[in-house]
Amino acid sequence: MSGDCLLRAENIGFEARGVALLRGVSFEVRAGRRLVILGPNGAGKSLLLRICHGLIAPSQGRVVRAGEGVRAARQAMVFQRPVMLRRSVRANLDHALALQGLSGPDRKARCEAALERFGLMPLAGRGARLLSGGEQQRLALARAWATRPDLLILDEPTSALDPASTRLIEDSLLQFSAEGMALVMTTHDLGQARRLGEEVIFLDRGQILETTPAPAFFSAPVSREARGYLAGELLW
Amino acid sequence: MTLLRRLTVSFVLGFAALPASAETFITVASTTSTENSGLFGHILPIFKEKTGIEVRVIAQGTGQALETARRGDADVVFVHARGQEEKFVAEGWGVQRFDVMYNDFILVGPAEDPAKTKAAATAAEAFKAVAASGAKFASRGDDSGTHVAEKKLWESAGITAEGQPWYLSTGSGMGATLNTAAQVPAYALADRGTWLSFENRGPLEITFEGDKVLFNPYGVILVNKEKHPHVKVTEGQAFVDWLISAEGQAAIAEYKINGQQLFFPSAAK
Amino acid sequence: MSDTAIITAFSLIAEADPALVQVIGLSLRVSLSAIVLACLIALPLGAALALSRFPGRGGVIVICNALMGLPPVVAGLLIYLLLSRSGPLGSLELLFTPAAMIAAQTVLVVPIILSLTRSMIEELWGEYEEQLRSLGSGRLRAVPTLLWDGRVGLLTGILAGFGRASAEVGAVLIVGGNIAGHTRTMTTAITLETNRGNLAMAVALGIILLSIVLGLNALAFGLTQWSRRRMG
């Protein structure tokens, strides 16, 4: 349990049309750690990630980011289905970097580095929307990586991909982690959760039922709901 | 100030405005009959050659042309509805009316002449015959000089034509009305100039002509600078003077279509 | 008759009749200027309308959509009353000039481009919003991104606007005056030739006008196809 706290969710609640979708959710993400959020559909996982990334304002509570104002921890997000601009692969990377306020030469250097690292160089001039799903998700990861985030948030990043593409994404994420990037992700793939998670949050009907180191969660889940969830997997 | 504003405007509205002010020009509100007959195409180059003044003609019905001048959007009016012209001057919008030329109106209709207007002795008789036969009649209906003349003719024939099922009010120019008349077919009152240069006659031909009441005088009036201070008095007056000069009158007389003279000079010597 | 019209059209083009060249040149100059102006006004405004939320926004959208059907004559009359010597902007001396025609066509085209931009950008923003915001883009910063990514659809709207501008006769006739050699465009020349009963010439001019619009549309179609193939 080392590293500074990059992001702290404090008593997050969210209501829509009188229905509480999240209640009293609190947790921390520390630098360089990998956190996996598990839970059945409708538990509020995606909503929680969007609140953490500032895309949606919570009804209660707040999200505190490290060093806000002075040296804000940089954060990036990758979605289940990436949305690419109707431009080339390279232009998509460049656009994201331009939004970070980077100057031309910096953008160019980072673009090339990202294309190189994610094996996208041969596709650089192609229309991003004409790539396969796996290639697009790889580009989404490259786009996030190029902004040099301290924390990367991923919402079911591989659920639409085949095993080979999933493998490529997972390898990249482990490398990111080794380089000190913190990860927060959701997934329905328990194998992936085992491979990537250091810590697990189990979310059910908008509430956190467990916050446990991953090995402990998989070997001895405490709550009945988590046991049921894991047992569901065994039926397959 | 004005220059700066004009530059700004021309910048905003595109590059089109600047050349507009580069040379001397006057704006003349005239009638479709003079424009459509091709008279201006003949006389204006001669005038420009002599004076260097470009004449920009807005061809409208007489009523609209006078209204354009009343609003201050023309320097000179050159129209053919004497009563309205005199009223225009009397109300102070124009300086003075000068006779320039005349042509005449003709009644055109289907060649077989169902109303037997060819046999009529006077224009009023011809109009009565049209009304009595139930044949169609196409009217300009646009308050133009021709329309005003036509209304007078119905009046002299003692007929209320407006609203009759056979009376077609086209609400458009001479050419458009002739196009309609050719299609229906219908009788129509036309000025000889437009008729001579008109190519889409279809079954139409002249069925009545020559009555003195069909005489169609054109007048020219300089817009009064007391009403509109921006009127280009010098250039406008130059145009008026030239039209009624021996040279201008000769230029008008010289214009012919298929060997036929369209307009007859009538300026007081 | 139509044979003569086609022969007339070709011989006019072949001779490159100076009066005709002048008329075509003026038509293009006026309509293209109007389109450029209308784009400068309507693209940012349409995008702003798509991305902003304010009371009465629905009403503004309905009005813009309705104005697409503004009769050209009414637009022409409004500009006429504005630019007439007796009107508020009379001292600018713009009536019966190409500038007045540009203004009239701009008024006609702005609602078309604005409405299409608005609906187009709104749809695109629905698709891009989360992604763009996750990358740190606010609504204002998103405007150029969305306009550029909507370029194919926007081009169609701009072409529709050009079609309306170049085909329009009522407004330019009123504010331009159809002055030979000065404010005579293809459409007002067609009206004049029709009134002269010179239908072959009128149809010939119509054929030329149609060919120009056709050529521009073909060009735009090719461009959009190419862009779609390359960028999806």
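For clarity, chains are labelled A, B and C in written order, and residue numbers in each chain start from 1.
Methods note: a residue touches a chain if its C-beta (ideal position, glycine included) is under 8 Å from a C-beta of that chain, and two chains touch if they have at least 3 such contacts.
Each chain and its UniProt protein: A = ATP-binding cassette domain-containing protein; B = Extracellular solute-binding protein; C = ABC transporter permease subunit.
Note that the coordinates shown come from a computational prediction; the quantities given were computed from them, not determined experimentally.
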Q | Minimum number of chain-to-chain touching steps separating chain A from chain B | A | 2
Q. Of every pair of chains, which is linked by the largest number of C-beta contacts?
A. B-C
Q | Per-chain CA centroid nearest to the all-protein CA mean | A | C
Q.
Report the chain whose CA-based centre is farthest from the CA-based centre of chain C.
A. A
Q | Mean-CA-position distance for chain B and chain A (Å) | A | 79
Q. Rounded to the nearest whole Å, what is the centre-to-centre distance of chain A and chain C, using the mean of the C-alpha atoms as each centre?
A. 47
**Q.** Averaged-CA centre spacing for the pair chain C and chain B, given as whole angstrom
**A.** 33
Q. Hey, what residues on chain B touch two or more of the other chains?
A. none
Q | chain B partner contacts - residues on chain C that touch it in the complex | A | 29-30, 33-34, 36-37, 84-87, 90-99, 101-103, 177-180, 182-183, 192, 194-199
Q) For the complex, which residues does chain C have touching chain A? A) 127-128, 130-137, 141, 145, 148-149, 152, 230-232
Q: Under the touch definition given earlier, write down the residues of chain A that touch chain C in their complex.
A: 50, 53, 55, 76-77, 79, 82-83, 85-88, 95-96, 99-100, 127-130, 143, 147
Q: Give every residue of chain B touching chain C within the complex, in rising order.
A: 2, 5-6, 9-10, 12-17, 20-21, 27, 32, 35-36, 40-41, 56-59, 71-73, 173-176, 178-179, 194, 197-201, 228, 230
